[in-house]
Structures are given as structure tokens and as C-alpha cells.
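As written, the chain order gives the labels A, B, C, D, E and F, with residue 1 at the start of each chain.
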Amino acid sequence: MIETVIRKRIEILADTPLVRLITATIDAAGITGWSVLPVTSGKGRDGLWKEEWVTGSDKSLIQAISSQEKATRLAEALAQMLTSHGLLLTMWDVEVIRGERF
Amino acid sequence: MDPTALATLTSPVILFFILGVIAALLRSELAIPEAIAKGMSLYLMIAIGMKGGVAMATSGIDGQVLSALGVGILASFLIPFGAFAALRLFARLDQVNAGAVAAHYGSVSVVTFVTATEILKVEGMPVAGYMVAVLAVMETPAILSGIFLARRGQARKHAGGELWREVFLNASVVLLLGSFAIGYIAGPEGFAAVQPVFEGGFKGVLCLFLLDMGVLAARRLMASKAVTPRLVLLGILMPLANGALGTLAGTAIGLDAGSAAALGVLCASASYIAVPAAMRLAVPQADPGIYLTMSLSVTFPFNILVGIGLIAWLARWLSGA
Amino acid sequence: MDPTALATLTSPVILFFILGVIAALLRSELAIPEAIAKGMSLYLMIAIGMKGGVAMATSGIDGQVLSALGVGILASFLIPFGAFAALRLFARLDQVNAGAVAAHYGSVSVVTFVTATEILKVEGMPVAGYMVAVLAVMETPAILSGIFLARRGQARKHAGGELWREVFLNASVVLLLGSFAIGYIAGPEGFAAVQPVFEGGFKGVLCLFLLDMGVLAARRLMASKAVTPRLVLLGILMPLANGALGTLAGTAIGLDAGSAAALGVLCASASYIAVPAAMRLAVPQADPGIYLTMSLSVTFPFNILVGIGLIAWLARWLSGA
Amino acid sequence: MIETVIRKRIEILADTPLVRLITATIDAAGITGWSVLPVTSGKGRDGLWKEEWVTGSDKSLIQAISSQEKATRLAEALAQMLTSHGLLLTMWDVEVIRGERF
Amino acid sequence: MIETVIRKRIEILADTPLVRLITATIDAAGITGWSVLPVTSGKGRDGLWKEEWVTGSDKSLIQAISSQEKATRLAEALAQMLTSHGLLLTMWDVEVIRGERF
Amino acid sequence: MDPTALATLTSPVILFFILGVIAALLRSELAIPEAIAKGMSLYLMIAIGMKGGVAMATSGIDGQVLSALGVGILASFLIPFGAFAALRLFARLDQVNAGAVAAHYGSVSVVTFVTATEILKVEGMPVAGYMVAVLAVMETPAILSGIFLARRGQARKHAGGELWREVFLNASVVLLLGSFAIGYIAGPEGFAAVQPVFEGGFKGVLCLFLLDMGVLAARRLMASKAVTPRLVLLGILMPLANGALGTLAGTAIGLDAGSAAALGVLCASASYIAVPAAMRLAVPQADPGIYLTMSLSVTFPFNILVGIGLIAWLARWLSGA
């Protein structure tokens, strides 16, 4: 049977203009990689938005996989920004193969 | 106002904007895909840039170009200070939000400028090619003033390199100046081969883009909670004041009526592309629900439907005087 | 058929549709990005709407406009009942699916109409501008009939407000009527400036869109499991019957040959944009594998390749009689 | 160390024309927000589909984060629709920061 | 209260040209369906990429839900490809309704 | 070089490529949405395909067509062997990577070809319509050679059906041949109605696409780690050698100067659309960081800025001799 290990999967929802700032923080936390997915529309305390690229107020979803330890380091690095920049961070345990990469 | 103002309101460009507003008010699902809207926005910047460059290649550079550039840069720097005062004192906005809003009104809206050039052309007041360069240089100074106003007396935030890249190298500035340079180098002969796309297609694409803008502006206004009546009022008074001052300044430095009107429109217009992105980075605590709603849902429609017409009338009156 | 029918089959518009079908049959990865396809679809609706409005601004409104609109609305309401009976009795479809399919055949396909106007123009039977308004008003009534047929005697489902918005304010109806109005208000002079985009670009964009439609139609047919031979047969017989009746009705109320043919094409065509979305909300239990495959993969290709030609021939024969 | 709490992450895959219906149900369950992501292609019992925007049969992925209690309420509200409208609902526990929001 | 069962959610990040190969492997593992989401940009050991459709080096995210058993079968079938084709596979437990489907 | 070479560098097409490079070097966020870039790429293939087909419908098929096709197929098969040897011996690349890179250089770049036809037209050396068919048939043979070279002596990998579909039915080949056939069938009369889109829009779209290519090429080069100086050198020497040989072969079989130059450009160009996708499937262990960077960031810019000009000069010199 195939060997899997447990790692953290972290997902951050953020305004698209903030993506480079956040990925720089991910890099700084020593995490090896990340991926960005588009988001079409959403609703939060600020109300509804939809494909508002033109104003830069559309969102992106940033995914990263890392060890528990680096995930905590990232969460701490982002903690202040969460409120000020309106980020949404979730993380959970996933099984990965080739876990030594992360 | 003279009859041309009515002609303006029956132009397809304006009618599509109104159609978008109506569709949004009816809560129709009408939506132009994001990639298409973004593509059209890039197209409009490239087309207006090239046309400006080609026009300047024909007319040559003279003293007026430099004085127009100088006045534009100065206006972009200074307008935020006046706007900030009005927002603080009259609308009682807190410092951070007032600074962020002020930045938007100092900077410019490419589509407002583009719509104005189309309208002014129809009204027999063509805009000089170099005004595109003025448009490009007015994007950025206001961002610096706005950040200064919003952050004054506060601890510095991070986001350094990222922010300055966004401020000085945002896609609008690069595209406008780049295409302006290409138009200038290629000249009328080089432009001929791409004319069907960048000139033939221009007004039609502008219609489609304004349809989308109408939808966005109205949808945002309906969802808005943070914008008070006093802010709405300022969203109309500021373009009136800045537009009049800009047109006066343009006339004073000797610009032709069309170009003076265009300078007025640039001063009157508020950014909703480059500045919001920069503000998310520089002043993240500022509420996009305020600055975006004001620039996109109040000032932009006001300028498109009323402001440009008033400024054109003022410029003609001044030049006739 | 006369030689113009062959000319039709060598027109780029039709050839691109066939190329799309072939690419899908060969299982090539060829795909037009979704955003582009959606953008082209919006463009086609806006362009056909404006052109219709401009044409009516030139020709004026007369009694025929009203009778054409009346017949169109009536046909859209009634066709689903006939279609429902055929689907229940001949194809043994259950009530819910029969109602959903029937709605599609009462409503209309914008691209079939657009292709028909291009073909009829080439064949010397131009379509009157107001037929675009007929197209717009025929979208919706059939949805109401179809929902009634599918739900009759069943407990009401929720999805109220959402559904009625989708039925009456779907993007197609808003865009078609809105651009029709804009074309009518702007008139030929207002249209001149946007003509390169909305008229010059029209046929080329239609080619690209039909390429995509060919891919989608064939891909869906290959993946289909739920469509029986009897359903395929009805997917050909219904447009034949409805097309003939529509053309007869158009001729009877005094439309010119081109417009009568266009009315026939509207009756013959089946929706695959507005109606499927409404059915997902109104009759979610109905199987899209049936209604989409019939309208998109059977009736649409049949109309494009054969039906329009037959209807054109019938309309000319009737008008000549 | 940064404080995290456990919340439910709910993801619903649905036909795009149904999105407004589902987000209205999310709102009605008292959940504070949601985000919609585009889906390019897929395969299910109904066979393969791919970028079929034109027919409205393309799909979207709706994400929401909420307390366990509201998540259950939402699942119950959607239960009937799951089969009739062909929805796909998955949910799992995630760690979030600033958990009081949800 | 509504009944949920536990299933595996598997997500695979891969170069877009490889999607058909991977979904064929999912089908072969007996899993009933899958969905593909677009990815806009990312960073890994190969460096940064962004909207590089033109070169076919953009990525897609493939999601599938299945029983534990079939998930393991899929992971084993993909194991060799993970390194050679640069795939990223994560999986975790999720609650689903109508679990008999998977 | 003669003055036309300078004219080339001031053409908007080339200037937009340079603007893209500069924007990327400045690390501006400038990006054309993926869907738009993909749509433009499909458009360019369809437009060049149709124009080629229409041209051949006018000129008819003669012996030169067949010999040009034959030489093209042969070149695409053989070039990878030479490239493989150079990559192994001079750049010390391992077998798998050398085979993958070699495949790219045997195959062709549609945009390089398209840019060359525009430049050659301006220089008075129009390219014959059938060269589009040569372009289409040169896509695939090199992939077979490259896979053979990369896999020789190794255990077969799976990915069978998928791979061969990608190799023989990739979207480029289907679209180029399909539109070529449509242009040929429709002829000049059928083409007239779609001319505004497929001819009027061509050069403008090419500008926008090259802007995006400039950004991608420069961004990739900056991020590249795996490309050594020797590989960069080969990325310039291979197009020089292959371009000269192709031009010679074209002249030898009696092609006119423009078509001989186009054949040279096809040999000189390296694929970055069809081949990378096939290599991901066929030789997944090969590093895209090597083959993409070489073809997209070294050879493509070299050809656009220098190579096409040199080949045009050679072809004119040979034809004048």
C-alpha cells in the first residue's frame, strides 16, 4: 500500500491586488509553493460582489500545502493582516504522497 | 445647454451605459465576462494611447505639451488636498478613508476621458493628441498625496516594494505611455495597417465597455451601505469644482477649447482601476465600500451623463470669450 | 431546391459549423474559451438588436409590426402544447420531461435567427428590422407554457422570485430589447460610428461562434445516452411542422417573403440558452440530457443545414403564388 | 501562539443557473458569507461536460464557512434539492482564525 | 437530523495537458465523477508561472469524491506519475449526503 | 541590411512585442487575460488559414504546392536529428531533454510565420497562399522524431491514445487545415463578407498577441534557472542554420522569394504551443524549464527581431542571383 503523510492545507481568500503580498509572505515562511484560483463572486459583511475586475475588488483563493510547523508560522505572519486586509484563512489536515517535498 | 448636449444623450455610447444601469436596477443577471471586460479595458488604453501618439507625431511637440503635462501633474498632486479637506470637514469622514477617497479624485478615469474625447469630437472640439500623455502622468501623483494624507501621523505599514510597483508601474500607466510611444514612433503610415482594429473598433468597444460599467456602477450603488447623502453630494460637487478649475487652467495656459475641456474632464474624473488597487495595498483599513462607490457609482455616471457636457460648454464659452 | 441552397452550404458561416462538428467527432481538444464564447453571444444579440432598431427607425412602425409581434407571442405560447402532445404520445416521454422539452421548441434560438437573416439576405429576401423585436418577445411565453405543462397537477416547488427573474429578465431579452431600443433612438447617423464593430464584424464573429456551437452540438450528441430514435425524429419533425406553420402565418398576415421566412425560422428553432437555465430552476427533475441534446444537437444543426433552406424556399413559393 | 477555532467548511457543486437559489439558502441559514469559484469541466452520471456556458449547464463551486450548527441547518435546508437539482455537497472541519466572525 | 457519511475528497493539481490522462485514471479506478477547476498562477520548484496558456504550462485542479477504498486505488494508480509528471495530490475525509452515490 | 529592416523595427507589431518585454522586465503586473490570449491565438490561426485557402482558390494548385509540402514534411522530420546532435554534443543535454527540445525546433511557430508574412508583404515579397498548408503539415512530424529520440532505448510509457490524439489532432492542426479548406471552398466571394474580421482585424490582433508574447517570453527568461549559456547560444544558432537551409531548399525547388523565405522562417521557428503539450504527455520527465525557455524566450524573440529580417535578405539575394 502507498505511503501517505499528514500535512496542512492552507487556503486564503483575498482581494486580487493583495495576492503578491500574500504569496511573498508564504515564500518568507519557507513554504515551497502555492497556487492561485480565480473566484467569480461572493458575499461578506461588505455585501455582494461579482466579477468586479475593473475595480480590483475581485478575489482570489490562494492554496498552499506545508508542514504543520510552517503552516503555524504562516498563520502567525498573516495574523495582523487578517483583519486589516479582510483575509479569510482556513486550514486543515490532508494526506499527501511524496510528503518530503513540503 | 445647446442642442448638442441632447445629441450626446442619444449617442449609442451613452445609451449603452444607461442600458447597463437599467439592467442592474431590474436585477437582471446580465454580465459581461470578466476576461472580456478586462480585455476591452486594455484595448481602450492601447487604442487611445496609440491614437494620441500618432496625433503628436503629426503635430510635433511644442511648448504647450510641456505646460499641459506640468499642469496635469500639479493638479493630480494638489486635488487630493482639497478633496481631503472637504471630506473631513463636510462629510466627517475619518482620516484614513478621507485620504483614500481623496487619492481617487486626484487621479483619473481613462474611460471618462475616452468618452469625453468622443463627445468633444462630435461637438467640433477635437482633443489634442498629447492629452493622452497628460492622462497617463495624472494617474500616479494623486496616489502619493492620498497615501500621505491617509497615513500622516500613523505607524508605517509594510507592503513596500509591492506597493511602489503598483503605484508607478501599474498596467494603465505602462500601457498608456507604451502605446503612446508606439504611436509616435510608428506614425500615421505605421498606424494605417492597424487602424481597423484601433480606430474602426474603438467606439463599438467603448459601447460594450460602458454597458458593463453601467451594470457595475448601479449594482454597487444598490448594495452600498456606507455612503451617506453628504458623500453623494461631494461625489457631485468635487467633479464640478475640479472640472471648472481644470478647464480654467487649461484655457489659461493657452490650450485649444477641446484640450482645455479634456484637462477639465481629467481633473473632474475619479479613478476606479489603478487607485483602488493601490489603496488595498497602501491603506488596507480604508473601506472600498466608500471609495469605490463614490468614484464608480456617483462620480463616474455624473461625469458621463452631465459633467462632460457642462465642461464642454464651459470650455467653449471661455474660448469664445 | 434551387442553386442558392448550395451557395448556402459553401458559405463560411455554415462551413465553420461543420468544421466544429468534425473536430468534435475526431475528439480533438479544440475549444473556444468559455468567456470568449459568452462574449460573442452577447455581441451577436447586441448587434442584431441594434441593426433591427436602426432598420425600424428608417422604415417606421406600421400595422405589420404589431401583427407580427402578436402572432409571434401567440406561437410561442401555443407551440409547446402541440410539442407536448407529440412528445407524450409519440416519444412516450414522461410529463416533466415532455413539458421541459416543449418549452424549448416554443421559444427561439438567437443564432438560428441570425444565421437565417444572413442566408436570406444573400438569397435576396431581406428580413424586416422589426423581426428582431418578434425574436425578443418569443423567448418568454413558451417558458410559461412549458412550466405549466411540466408541473400541472404537481405540488408547487419553491424558487419563486429567482425563477421569474430568470424568465422575464434573462440577459437575452434585456439585451435584445435594449439594443433594439438603442438602435431605434440612435438611428442610422448614431449607428454610423459603431458600424465597423456591429456590422463589419458581424459575420466573422458569427463564423467563430458557429464553430464553437458545432463542437458543443457534436460533443453532446456523442455523450448522449437518454435520447431515443423517436426523440431524434421529433427533433426534426417539430421544426419542419412549426417552420411551415410559422411561414404560412407570416404570409397570411401580409409579411414580405423574407420576414415570413424569418417568422417560420423562429417557430422552427428551439432555445438552448434562456430556456435551459429557466428549466433548471423551474423543473429541476427534468433531464438536461434530453432537452439540451434535442435542441442543441438535433434541431439546431438540422435548422442550420437544412431547415432554413426549406423555409426560405417555402416562403418564396408562397409569396410568388 | 495564534488561536484557532474549528468551523465547518461547506462546498456545494451546482449548475451555474442554480447559484443564486443556493446562496439565498445560505443567507437564510444565517451564514455570513460565501464565495463562488468557476468550474471548467466535469463528469458525472449525466456524462461529460465542458465549458458549456452557452447552455447554462456549466457548474460552479460554492464555498461557505460557518459554525457546525449553521452548517447542519444549511445541509437540512438543501437536503431535498440535493437529488432533485443534482447538487454535490461536501463538508469538513477546518481551523480558522478570527472564528467569532462565523 | 440529516444523515451524512464519510468519504474521501481527492484533489490533484496538474498541468492542463495532463488532465485527460488523469481523469481517465479516475474513471479506471471506478470513481463515478470528477470536476476540473482552473488555476491562475502558482509557484513550485520550477519557479513562478502565470496564465501561461499559450505554452500549455498552466495548471488545473481536479476534484473527485469517492469511497476510501477507491481513493486508495486511485492514489496507487497515480503514484508513479506523481513524480514523473509533477502532480500534487492531497486527500482528506469529508462528510457527504447521499453517500451511496460514491 | 537595407532600410526596410529598420522599417520592420518601427512596425507596431514589433514595437508591441518590445513593449511587452519591457513591461515584464520592469515587473509590471501587466497581463492579458488568458481567455483573451487563447481567443486571439485561435483567431490568428483561423485568419491565416482562411487567407491561405482563399489565395490558393485564386491561384490554383500546381506542382510547387506539392514540392513545398514535401520539403516541409521532410524538414520537420529531419531537423530534430540535427538539433538533437547539437544539444547532446555541444550543450551536453541528457537524452530525454535533448529529444524534447529537438522536437520543438523541428516543429513551427504559427505567430513567427504570421509575423514573417506581414513583414515580407511590406518588403514586397508576398508569401504564396499554400505556405499556410506547409505550416500546418510541419507541426506534427517533428513531434514523432522528438519522441523517438527522447525515448529510444527506454521502456515505453503509457498515455497512448491521449498522446496520439494530441499529436495528430491538436487544435492548431485542425484549425489551420480546417480554415484553409474553408477559405478554399468559399473563395474570394465567400470571404468578402468576413473580410472585416479576418483581414481588417488581423494586424491589430497580432499586435495585441505579440504584446502578451513579449511579457511571457521575458517573464520566463527572468525566472529561468535551467538554461545555460550554451543552450542560449544554440537557441540562436539553430534558427540561423535551419533558416538558411530552409531558404536554400525553398529556392532550389523553385519557390518565389517570399515563399522561400517563409519556408526558411518555418524551419527556423520553434513551437511553443502544440509541442510542449505533446511533450508533457510523451516525455513527462523532460523539463519544461528548458524547452519552453529556449523556444519561447530565446528563439522566438530572436526570430521576430532579427531572424526574419536575415532570412528575407537571404531569400532576396538568392532570388536575385
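What we mean here is this: a contact is a pair of C-beta atoms (placed from the backbone, for glycine too) under 8 Å apart; a residue touches a chain by one contact, two chains touch by 3 or more.
Computed from a prediction, not measured in an experiment: that's the story for all the values here.
Under the touch definition stated at the top, chain B and chain E share these contacting partners: A, F.
The set of chains touching chain C and also touching chain E is given as D, F. The chain with its Cα centre farthest from the Cα centre of chain F is D. In terms of the distance between Cα centroids, chain B is separated most widely from E.
Chain centres here are Cα averages; for chain A and chain D they lie 18 Å apart.
Each chain gets one centre point, the mean of its Cα atoms, and the points for chain B and chain D are 38 Å apart.
Note on chain placement: the centre of chain E and the centre of chain F lie 34 Å apart, centres being C-alpha means. Of all residues in chain A, those touching 2 or more other chains are 20, 37-38, 40, 92, listed in ascending order. Shown for chain F are the residues that touch two or more other chains, namely 29, 31, 33-36, 38, 166, 196, 200-201. Here the touching chains pair up as A-B, A-D, A-E, B-C, B-F, C-D, C-F, D-E, E-F. Chain contact summary for the complex, chain B toward chain F: residues 33-36, 38-39, 42-43, 46, 50, 165-166, 169-171, 174-175, 178-179, 181-182, 185-186, 190-191, 193-194, 196-198, 200-201. Listing the residues of chain D that touch chain E in their complex gives 13, 37-45, 59, 61, 72, 75-76, 79, 82-83, 88-92.
Chain contact summary for the complex, chain C toward chain F: residues 10-12, 15-16, 19, 22-23, 26-36, 118, 196, 200-201, 203-205, 207-208, 211. On chain D, the positions that touch chain A within their shared complex are 1-2, 4, 7, 9, 23, 27, 32-38, 60, 65, 92-98. Of all residues in chain F, only 31, 33-34, 37-38, 41, 159, 162, 166, 212-213, 216, 219-220, 223-225, 272-273, 276-278, 280-281, 284-285, 287-289, 292, 296 touch chain E in the complex they form.
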